[in-house]
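Paired with subunit B in one complex and with subunit C in the other, subunit A is shared by the two complexes that follow.
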Partner chain A sequence: MAAVFKKKIESESSGQVVNPWEVFVQDGEKIDYDKLIEKFGCQRIDLSLINRVQRLTCLQPHVFLRRGVFFAHRDFNEILDAYERGHKFYLYTGRGPSSEALHLGHLIPFLFTKYFQEAFKVPLVIQLTDDEKCMWKNLSVEESQRLARENAKDIIACGFDVTKTLIFSDFDYVGGAFYKNMVKVAKCVTLNKAKGIFGFSGEDHIGKLSFPAVQAVPSFPSSFPHLFPGMDNLRCLVPCAIDQDPYFRMTRDVAPRLGYSKPALIESSFFPALQGNNGKMSASDPNSAIYVTDTTEDIKNKIKRYALSGGKDTLEKQKSLGANLEVDISVKYLSFFLEDDFELEHIRKEYGEGRMQTGGVKNRLTEVLTQMVERHRKARAAITDEMVDAFMAVRPLPSMFE
Partner chain B sequence: MGFSKDQLLNRLQELEIDYSKYEHPPVLTVEAQAKYVSSSEGALCKNLFLKDKKHRYYIVSAMVDTKVDMKVLSQRLGLGKGGIRMAPEEALGELLQVSLGCVTPFAVVNESARDVSLLLDKNLKNPTRCIFHPLSNDVSISLNTSGLDKFLRSIGRDPVYIDLEVNPVVGKDQPPDLAVYVPFNSVVVPELPNKTACLQTPPKNESGETKPVTSAKPSKSACKFKNVAENSAPLAFKNPEKFVEEILDKTSALFLSEGKGKSVEALTETQRKRLASELTHLAIMYKNTAYTEGFQAGKCYQPKRL
Partner chain C sequence: MAAVFKKKIESESSGQVVNPWEVFVQDGEKIDYDKLIEKFGCQRIDLSLINRVQRLTCLQPHVFLRRGVFFAHRDFNEILDAYERGHKFYLYTGRGPSSEALHLGHLIPFLFTKYFQEAFKVPLVIQLTDDEKCMWKNLSVEESQRLARENAKDIIACGFDVTKTLIFSDFDYVGGAFYKNMVKVAKCVTLNKAKGIFGFSGEDHIGKLSFPAVQAVPSFPSSFPHLFPGMDNLRCLVPCAIDQDPYFRMTRDVAPRLGYSKPALIESSFFPALQGNNGKMSASDPNSAIYVTDTTEDIKNKIKRYALSGGKDTLEKQKSLGANLEVDISVKYLSFFLEDDFELEHIRKEYGEGRMQTGGVKNRLTEVLTQMVERHRKARAAITDEMVDAFMAVRPLPSMFE
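And then the complex of A and B:
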């Protein structure tokens, strides 16, 4: 479900570009999420919605919700309405396995989805789009399948429950009811429309044209007859990054024409690169991100050397003016991963008013990220190929709503 | 384990309480019961199992004709206007240890119902005999209220008869007259999957409709999922969070017991939270590993040779 296609698009008057294949802002600018929400037509997640989640789940809302990382949605309140009345839903998220190395930005939708699975006690399907990467990144079929399985291990390490989770790769799973839905969806999208949404041209091969349908149909429960037999009205919630929104607009447009419920969305902002606020992390620059395979030394050095600092140049300036919290990456990262609200507030206050220096903030960040990466590494080491087989087996999940 | 109907009937005999027994097919409503037990045997009664917002439970047993106004009852108990409602189905099994359609004053014989308040309609004293289920809805017994009183006293309960038809003013100078019957303790009924949707299955009551039987059949229009926990392994071994709660409870208890005499407290809330998160992660990995091994075994399983 990662970036589908890289293509130059005209910059808009606001100077920012956000779509499934490109995220771009002018130098020195930040992404204007309010404008984005307005342009896409989705809605902001406000405090009352977060409180509602807390009430319904009897759990503290996930740190990503509290800090506004997941900040926009479509129809999430309808999902909650139905949940209150006893109607459950299922989760759908995915990954385009283009590389073996995952960075922290990749983990965000999975960490959030895992919280959702636990909090609401609902099942989850995870799509590995090995076919997509085979087509777009020109990988061999075998290589893309291998990467899919490797990525599956990192995904499982986030802590998903095998009795409530199905992981599937397109090469393995497409067929049967899934393919029938793909054809139904494809019939509703003209070539011109696809060109408009995805930028296809006469030079693109026909494999790419039919791919969008592959990503659309996991939103429909009838694509998984062994999981949801007879539950055609079961709704689907898709946690994803906001650059995927145009993509699901297509799915939501098609759904009513097929007599299906529209998938609901809950969307996140971008995890910034170490070097700053422009755009998002890039897999091509290893120093722009912290990878789950980084050692403690790597993490310490990357943060020390590359994390953009909002602190002032000299100690005196820092003490008198305080740090610029808007651009400081370390504080930004802490807002994603430091669980303790009070501690974060404290750091923001002290650092912003000059009583704390960048070194201190970076040290704390190093601690937090090291702990996270360590835990991930340990969990991943315990994952065998047999466990991946179990997660990917086409089997019923009898306790999926427990 | 809950009292069975035979145990109850034996107990009544031991106490030399006079009753008549009528067996019939299982019934879920007063109307159905009336088909098998005629009014000459005694007066049929309706029984409501109620719950307030603070998780306190009540059984109200009344004559079929007595109007039970929930709003009035709620105010008289000091719970405000909408403070009382039908108890969810899971509480029926957990606290009263009876099935649907079987709420009866006799259910308070169970230890699990010790905090349930029993309120009896004073009109029950009028007829010679009243009819109740003795913990099972395929039997009805008729007995005089004096017999019921004797039974209640034998289990340490004082029979409480109230006039359900009065509507006294409740205000600043007129305290709620039934407030004294509110249980002292609230009861926690274990959470079940669709706790957010209270399955309202009113026991026999004045509406006279057959209870809507909520089944687990997935239908086209509804995807409600009834709790299936009764049929499977204890939650602590299936659910990583419950598993971790068990561990933390035991650890906490150990601290407390070891620290007797010294000033040691059980795990603090924050410690508990932090540990819980770590341990749950471990527990999920443990569960996934066990499932994987089972899955592998299943794949290679060779059916019995015949």
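And then the complex of A and C:
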């Protein structure tokens, strides 16, 4: 771990650093989500909330909700209160297009948001922060925009409904009502405040400092006058990974001062690297993640070689002691992507009590991920430039609440 | 003088503070423009440069150029070199629309820019920084935009050619290529650098910190793809008051890193308050300035009561010693607005040598300004909303170099 992160971690009483650009814990530790919830001031999603979603949507809750992948929220209960009284809301999620190929962790917010869109019959705006990546990753404007369109294809391949979904790139979309809201937000956030929330330093450039306003304003329906005319009170629900929470803490702080509603949030834990639990997958190490472009052979090899095993060293030990499910990445991945609750429970039990070996679990995971990646690849191959244009066209969404 | 400014001035070795938001000198002092030129690193406009303008334009140079109102420049000679070789340029100036009524000081850059537009037959973009004023003056977006349109009428009344001039409001115009350039500029300016140039503090909000990028990018022709398609090398000349220099120092610093040409500048001194020389006119004290909305009676009274006189206390002393022309505001104002060089010289001589009294000079100034304000009022009254729309329409300028 680089010295700079060590220092940052030591300065955190919680022993972990989680912000939109860095997720790090001390060597050998894993993210303590209870501490994160406490530090950020959000709330845990409990069983009664999950049951309420089931009741209101008449659908079995998504695996990611049932199994605690989306585990924290802010005001999600208020969104449901209003929904029960007949008030709709809209969804806002996004992606920073920094790489061509997405890995499985990148798909999680989109797979979940697709379920929410279907289940609640609500519109969705997806922000591609090509401006952010141009600034942070030092990409050219053109390359950031190219990546945004490539990533849009992967997002569309998740199955979104074009009559309910706007995908927009900041470079294309910033202006007009959106820019006015950016200025209104920026007026309310001092440099000291931004430093406190995001940890900016004097060496950071002024583009980074002002970017939080860009990510904030899709939380306000008035930023999309063609979508939500006269619907300034429509509430916004943001599904995202919990490292994005600082942006929305700031947004929620500012909203009442602008006469706007606070966005509600539903937040996920991180999808771990193959090598273990202490962070989120990194796009910079191709062997830490399964990509949607990986071949069956790639997937098989990566899982075989890199997926951290909780099984014992010898067959004998494994049989007598069983696997440590807490650290086993194959079991963790299966808990994200194996939809059958009974099979998952069966594997956990057999593997945890020594009647199953790592090889068998990895084989099953390889099957599940191969199938998933294959399905994604086929769906993505069918996405044309015209379809991207259709999703990204600035237009009304006529059937957005149907 | 407020303590905070005293402190700032004491920290400046030059004993004066000049930046886009503050112009202050020590009590009893006046702005030392030589020191400013040295500190900012720009160049003085000398007689040979003025003669060159005359030769190239076949017009007598504008009073503001002949009399040193526009007294400093950056690379203006390069603009003329290229012009001589047949290469055109474009003009960029602007205004922060913070008040409804403009005073005479506000008109100076526009009157001068109009002359330049005519003399060189070049296009002009005028930026109305309604976003800046919304942030700095805590105006609502709507009020800033209203003021921008009101101010546009005063600007148009200066006589600009609609076939060569785009007036744009940031709130309307930011987006697309303009926003892309904003991001490119912002990437090149660290917080430390912005603090060094503009003196921002931790209590300033992030909107202020990022605004310099908004004022920078009209210096680049690619920010106006509908005006200057395929003319990315067209050079930009910015006529402005010298307090705007920090913005363009930053812009010139950044330009080569983006592969863009540096904007050239031609910079004016400040139009002094009626009460004296130590700063520029303030919109906050209505008795410090003559407004374009003032009646003849207002003008007469303000000059009579407030215009600092360099004349002697008694008629006798005035006759024997003459007036101190250096501090006399009426003479100073006449040097801006009395076009007849011979008459001005005559007044200076007679008044300075005691053969003319303050009253006579003030009467002449009242005539000159009344005539000027009357002309402006008539011109402004003829400006319709449709004309404002025409100047502010995003459109090509077909006859921009004719």
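To be clear about the criterion, the second predicted complex is superposed on the first by the 391 of 402 C-alpha atoms of A that agree within 3 Å, B and C clash if a C-alpha of one lies under 4 Å from a C-alpha of the other, contacts with A are read in each partner's own complex, and residues count from 1 in each chain.
Basically, a contact is a pair of C-beta atoms (placed from the backbone, for glycine too) under 8 Å apart; a residue touches a chain by one contact, two chains touch by 3 or more.
Quick caveat, the model's predicted, so the values are computed rather than measured.
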Exercise. Between subunit B and subunit C, positioned on subunit A by superposition, is the outcome a clash or a fit?
Worked result: fit
For this session: Name the contact category of A:402: first (subunit B only), second (subunit C only), both, or neither.
Result: first
For this session: Identify the partner contact of A:205: answer first if only subunit B is touched, second if only subunit C is, both if each is, neither if none is.
Result: second
Problem set entry | First (subunit B), second (subunit C), both or neither touched by A:134 | second
Exercise. Of the partners subunit B and subunit C, which touch A:382 in the superposed model: first, second, both, neither?
Worked result: first
For this session: Considering only touches as defined above, state whether A:187 meets subunit B (first), subunit C (second), both or neither.
Result: second
For this session: With the two complexes superposed on chain A, say which partner A:41 touches: subunit B (first), subunit C (second), both, or neither.
Result: neither
For this session: Look across subunit B and subunit C in the superposition and give the shortest C-alpha distance you find, in Å.
Result: 20
Problem set entry | subunit A - residues contacting subunit B, complex | 56, 83-88, 118, 121, 156, 159-163, 229-234, 375, 379, 382, 384, 386-387, 389-391, 393, 399, 401-402
Problem set entry | Residue numbers on subunit B that touch subunit A, as the complex places them | 193-194, 196-197, 218-225, 228-229, 232, 238-241, 280-281, 284-285, 287-289, 291-293, 295-296
Exercise. Can you name the residues of subunit C that touch subunit A in the complex?
Worked result: 131, 134-135, 138, 141, 170-176, 179-180, 183-184, 186-192, 194-195, 200-207, 209-210, 212-213
